[in-house]
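We call the chains A, B, C, D and E, going by the order they appear; numbering starts again at 1 in every chain.
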Amino acid sequence: MTDFETLIPVIGVVTDIRKDTPDVKTFRVVTREGQKPFIHKPGQCAMVSIPGVGEAMFSITSSPTNKEFLEFSIKKCGCLTTWLHAMEVGQEVTVRGPYGNPFPVETEFKGKDMLFIAGGIGLAPLRSVINYIRDNRANYGKVDIVYGSRSMDDLVDFNEIKTEWMNEPDFNVHLTIDRPQPEWDGHVGFVPAFVEELGFDTNKTAVLCGPPIMIKFTLASLIKLGFDKTQVYTTLELRMKCGVGKCGRCNVGDKYVCKDGPVFRCDQLDELPNEY
Amino acid sequence: MQRIENLMKAKAIELLENGTVNRVLGWTAGDFYYDNTPAIFNSKEEIEKSFVYNSFCGANLSKYLVKERKNEGKILVFLKPCDTYSFNQLVKEHRVNKDNIYIVGIECQGHLSIEAIKAKGIDGVVGLEENGEEVTVKSIYGDKTVVRGEVMLEKCLSCKSKKHVAYDELIIVNEMPEADSMKRFSKVAELEAMTADERFAFWKSELSKCIRCNACRNVCPACTCTKCVFDNPESGVDAKANADKFEEKLFHIIRSFHVTGRCTDCGECSRVCPQNIPLHLINRKYIKDINEFYGEYQAGADTESKAPLTAFTTSDIEPGSNLKEGK
Amino acid sequence: MQEINKEYQPLIVAFCCNWCSYAGADLAGSSRLSYPANVKIIRVPCSCRVNPMFILKAFQRGADGVIMCGCHPGDCHYTTGNYYARRRMTLLFDMLDYLGIEKERTRVEWVSAAEGVKFSNVMNEFAAKICELGENKRLEDLRCKE
Amino acid sequence: MQRIGVFVCWCGSNIAATVDVKRVAETLGQEPGVVYSADYQYMCSENGQQLIKTAIKEHGLTGIVVCSCSPRMHEATFRKTAESAGLNPYMVEIANIREQVSWIHKDIEEATVKAIILGRTAIAKLLLNTPLTAGETGVTKRALVIGGGIAGIQTALDIAEAGYEVDIVEQRPTIGGRMAQLDKTFPTLDCAACILTPKMVDCAQNEKIDILSYSEVEEVKGFVGNFTVKIRKKARYIDEKKCTGCGICMSVCPSKKGLNEFNMNLNNRPAAYIPFAQAIPNVAVIDPEQCIKLKTGKCGLCSMKCEAKAIDYTQQDSFVERNYGAIVVATGFKIADLKYFNEYGYADNKDVITSLELERLMNAAGPTKGTLLRPSDNTHPHVITFIQCVGSRDISGCGKPYCSKICCMYTAKHAMLIREKYPDTEVHVFYIDVRTPGKNYDEFYRRAVEQYDVDYIKGMVGKVYNENGKLMVQGSDLLSNEQITIASDLVVLAAAIEPEPSVRKIATLLTTSIDTNNFLTEAHAKLRPVESPTAGIFLSGMCQGPKDIPETVSQASACAAKVIGLLAKDKLKCNPCVSISDDSMCIGCGTCANVCPYGAITYVDKEFRLGGGKTEVRRVASVNEAVCQGCGACTVACPSGAIDLKGFTTKQIMAEVEAVCKR
Amino acid sequence: MLKIELNKLNDLFAKISSSTDLILPVTVAGETNFAKYEDGAEVNLSVQTVKSAKDSFFPQAEDLMKFKTEGKKIDIIDVREKVESFVLFGVRACDYRSFEILDRVFLVDPIDTYYKAKREKGVIVTLACSRPEESCFCSAFGIDATNPLGDVTTYIADGFLYWNANTDKGNALTDAVKDLFAQADSNDEAKIDEQKKNTKEILSKLPYANVDLSGFTPDKLNELFNDAKWEELSEACLGCGSCTFVCPTCQCYDIKDFKTNDGVKRFRCWDSCMYADFTKMAHGNSRNFQLQRFRQRFMHKLVYYPSNNEGIYSCVGCGRCVKKCPISMNIAKVIKTIGGKNND
């Protein structure tokens, strides 16, 4: 990897854009030759950029088992993302990566019962792991997915969840939304409470992703249920700029989110200063 | 000087103890006599331990009051005459709450510049002693004596005023020398008298040193924006580090333009510049122009007057009409 | 020398207030009074909308001269806008001169809606002046030319 | 990223002859963000607009750039087009490739390249446009007319007729204005008083109209639909309510040496006076400069004699403050000062008079009771010479560059009337051109020449001098090409007219623009001639430019129609291109409010969330969108760049600068 | 060891610069900084430069690449020119150490090729210190200011500059210029040793020479992070960034795009963790207060960096920040306040 060009991206062509929720779109990106820009592992990220607009880190939502393309689910929140959302199929962007540490799918997760807990756009990084597990089903145990969002409309990839995940053997999908809605017959309430309600076995390995406040309370719920912090993983995708652990922004204590993260085990996070 | 420091300490302790104020903004002693740091003191003990006032308290404390506005209670601040102008300007722009500030105006005989001392070839300075007009510099390479007047901060060499324009009380022991506010413009006039090519050469070599650390901006009591245009990607002029010669000029022109008519000529920008760029010459040019074109105006002299750029007369001079052809 | 000047087309950015000067430019147009094609007009509501940053930006981007046109003092559509603009530009131009940037590169003219002839004359004159001066070197941003 | 459509107009051959419109359309079609481009003969035509509407719908355009004539011409047209196709009207930008390109450049290549650059610039701006929606404000259903001459009277009557309340503010003690001073009116020769005074009476009697005579506008605040005007009622020293207009004060007043302004100072009036018999309101006024009582405290004769006890020497100026939805300026004109025209001897010879003075001399209610007697010796003049264009069409700088428009006609009228009444009088007219456009005007003039034998001499007068009691008018006859001197008894100067000087102050109060000749500027010279560029301010009569009575009355009615149209609305849409302050950046320093000409900016204390659960209360600027007119003064004054102007944002202008500088 | 008379140094510089770029301390408008040697340049080897020498490898602003966009297409243009070898002359021991510190950032996987290219091509000629300033405290970090490493080490003593090549690169440079030198003898070496001894004595007596860093160990990360004294230390900090820009080891950067007249240029430039918007991203800012930013800078130098780099501090004790802080707050005062009891 010595000659790896750290900052120079490759060209990606956007071949498909799906509107998942009112403010989340999923973009499919391939190289000009129609190939997957690079190989990645579940949980890793990439820098996507529009020259002159900006560059930012996004988690790769497609599964590593997919050999054809990369997908990014992106929520509209700033200048670059607004631009991306206005993009049309055929537009070129630049991508570089993959960056960060992946989820330990080949080590710690292997053979385990998995519990995925996501809130809002937090599902994006988990999608690649969940689909990776589906594609390597034999290597893992039961899978529970708890996913909550503000409203029905804000559930990312609702289609895939309904048509594929819910039909997967040994997959249990638990959905919740924050406030009642006439068309919704599922659970209503916040994720942490829902997790407690569902009361999972503590033999599972949990992966948490969502807004910081949700992570905080869900972690507390899991501990209440008897989980140990070493069983819980999460991903921090904050303030990365260079992606290669050099620009000095994304460190939390002595750890660089872009290099040492974004995947952290919750007990590791405890050792870091409270600045994330 | 020691006497003034003692009076200041006593005053600070008195006001803290009688409850007039709950904290004191002053200077805390450093390691070399010349490296005093602005600091907030909360107790008698802290004041007794490290409060200092000597000839190296050039820093203008008024800007800290903007931040202090958020804190509860009344604060005591020690302001030198020139600092009070900045204070007034901040009051005028609603950046500080006058009611929560107790000002003690302090005597100022001009403050010294360690850079000026070092420019005299004295290095390794680890301590100083003040003796009237003489300053004994203690260095790891031996002691030397210099004359105060020769090693003052630029802003003190061309002091604009020894009058406190805002204060609750004053601590003045010795008579302060008269200030000649017009002296400030002699260097500007000198530059004006040069040809355009000479001026360009002068500024090119000065501004090329700029490392764009933003010290001048961040120390400036007029620059109190929460988000400066140079940090704002939406402004069209945002930049970090001077990636091009143009940006040095852009930054300094716009920076000074934004404080035009608001700059009290406190001289902090020049004092803090790590590359010793004479930034005051830019600000003073605007001040001189304003004086000449629109009548004498001293920002911060009061808290009510209309700033020159927010006023006009129907017979103002036309842009460029004052400039001589080919100059 | 003549040859060079023929080749060299100075770029001039003209900020014109909507009410007087832009209308003056329109009048120059409808009166078929020509001025160099490299004079490019940017419409602003009032001369007081012209930020010094715009002028520097124009120079950065390769303009060789920048001119601001507004209603005659006293005739501002917004009553006082051009008075503020006048002070701002006086100080800014003086500062540019002070930094050694040729003073002829910047100019302010008051052009009323009725002064099509003046507009065209001013632009011709200004362009000729800039032609004499040559390219803007003192306020250029080399990156833009890459 | 937007989906932009570019529409290049040929404007017939106006653009297409010098700009390769196809190439412009093609090139701009390649620009990032542009998904559609087209060219068409006349974009502003029905078909052209249809083309735009269709493209907006078919291609889902989010914004359009029209490369056409000046935005001052058709920006509004294309905004409406866009709006009718469901696009926000502020997602339209115009590249002016006619006035700024095709009409001034000859070389096709040069013009085409420039057109492309201007197109790119418009695209660059449009990329940063955001849909803007106008706010709404209510409308005060009352109008103010400033000036009570025929223009103001007509406008007020029409507005009142439509059922709205209207106030007339007149600076003189009576309404009526210049027309009241006239004798007969062309081309029909009706008596001015006969047709004007009934209208004055109508005003006084109309309960919707309130006449504030001897009053001036002092202060104007607010904006279209919501003006608040402070009016100064000057002290008359006579209680308007009590005065019966009997005129006793006039007759008893011992101070009789005041100049009678109504009679063009040709005779005198007492300190207590009613300007003329039909004055409305028919109330006397005391001239404080002249009144002995007011100046010395002695006298008081009028007070003693006034049966109505209306005299009140202690009266002070009073103020009324009223709200209006619309304001009409009808301040009229005056005769220009002739101080630069010494060659005509106006200052030195009593018998060199202006035509308005002649009107008074011929008027039955005038100083000579209608007998034409010359001022110097009250004898009947036998040779009268008229000199045209005195101070009009003058480019020397001494006079007015414009044509005063009414002089040719009134001189013909005067000549005719004189010849009719005093057939023994010789009448000569020195003229440069005789301009008589208008219904029955040229016929009128020809009657003067043919039927009444008026001697029209094409030529300029060099000098008028007094020789043995005769006024020698020395001029040249251009047709016979000889110098002639006419020994005259009376010389009448057709002096230039100019706007009433107080209009400048009023324009400032109303923040409306004024041209170099002090005429108020109309919003559009052809298409919006009765509106000023400032919303809610309308123009009636001579204040906008020279016109005769028929024209003035038509404009006055047109103006009333516009005012009625405004007052009929319950809500008004505001200009959405107004300033907006970003609270997160604003430091509340107060600089912006200091430069705002409209007082649109105030400051409020707001609570803001800081990180880490902390909050702070900060003072921040707040822009009243209904008051802001969008000049942008605040945007430059603001050091932090917190305040921006919608529609002309800093980013947009920067983008334009960038685009325009690309070669 | 070779030697050259000081008054002949200009010949040496002219000779070096005739074939490669020579970067050395030059005085412009009164301030000395590393700059390219040009005829008539005012070389000044006797003072500490305002900015450090890191510019040569990690420039304040550096183009990364260019983009051309046409319609929906984007083309990336590599703007890296072949880096020619250059000589960096007059580097003091502290600055030399800073390169090693920067190497541990830029040359670890993934390697920063921009830095690497320059680093490989730079020939570093160091200069031993003989007259330390009161702000110097390199010895606290185990740096021997009198005996710097580098491709060539030079000493100035008694009117001569002594030259000693340490590496192949240094030997190659020496070969190119050795005509100008004379051979030094044992007498000379004695002079240098004498000077070293004197300098070391001064160094040991400097006020900050013995600041106690023992309190800064990675295992105390959280304890140090939560120390209450950060508040009072950071109170006066203006967040100006002067310290970071004159610092030889600060390596934070920003990547920005600049729209040129026909494309986009992506460049990186120095940034400062002291700036309020340093960590501001679309979704928020993780260091909202100056206290956090102030703490970050010193924690990074004294704890985080050592934690990842075998205990090596990311400070070299050059003292530039001590001299340049507008409010006289600096790392030495931080160390003394927070670092441990031996500092009183």
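Simple rule for what comes next: a contact is a pair of C-beta atoms (placed from the backbone, for glycine too) under 8 Å apart; a residue touches a chain by one contact, two chains touch by 3 or more.
Predicted, not measured: the structure shown is a model, and the values here were computed from it.
Participant: Spelling it out: a chain qualifies if it touches chain A and also touches chain D; which chains qualify?
Facilitator: Common contact partners of chain A and chain D, which must touch each of the two, are E.
Participant: Report back the single chain whose CA centre is most distant from the CA centre of chain A.
Facilitator: D
Participant: Averaging the CA atoms per chain, pick out the one whose centre lands closest to the mean of every protein CA shown.
Facilitator: The most central chain here turns out to be C.
Participant: For chain A versus chain B, what separation do you get between their C-alpha means, in angstrom?
Facilitator: Result: the chain centres lie 51 Å from each other.
Participant: Roughly how many whole angstrom separate the Cα centroids of chain B and chain C?
Facilitator: Taking the mean C-alpha position of each chain, the two centres sit 36 Å apart.
Participant: So how far apart, in whole Å, are chain A and chain E when each is placed at the average of its C-alpha atoms?
Facilitator: 39
Participant: What residues in chain B touch two or more of the other chains?
Facilitator: 227, 229, 235-236, 243-244, 309-311
Participant: List, in ascending order, every residue of chain A touching at least 2 other chains.
Facilitator: 79, 88, 91
Participant: What are the residues of chain E that contact at least two other chains?
Facilitator: Residues 69, 72, 254, 258-259, 261-263, 271, 285 of chain E each touch two or more of the other chains.
Participant: Which two-chain combinations qualify as touching?
Facilitator: A-D, A-E, B-C, B-D, B-E, C-D, C-E, D-E
Participant: Could you list, by residue number, the parts of chain D that touch chain E in their complex?
Facilitator: 30, 32, 610-612, 658, 661-663
Participant: Of all residues in chain A, which touch chain E in the complex?
Facilitator: Going by the criterion above, the answer is residues 1-11, 51-56, 77-81, 88, 90-94, 238-239, 241-242, 244, 246-249, 251, 253-254, 271, 273, 275-276.
Participant: Contact residues on chain D for chain A in the complex?
Facilitator: 1-2
Participant: For chain E, which residues count as touching chain D in their complex?
Facilitator: Spelled out, the residues of chain E in touch with chain D are 69-72, 259, 261-262, 284-285, 288-289.
Participant: Mind listing the chain D positions that touch chain B in their complex?
Facilitator: Residues in contact with chain B: 584-585, 587-591, 594-595, 603, 616, 619, 637, 639-642, 650-651, 654.
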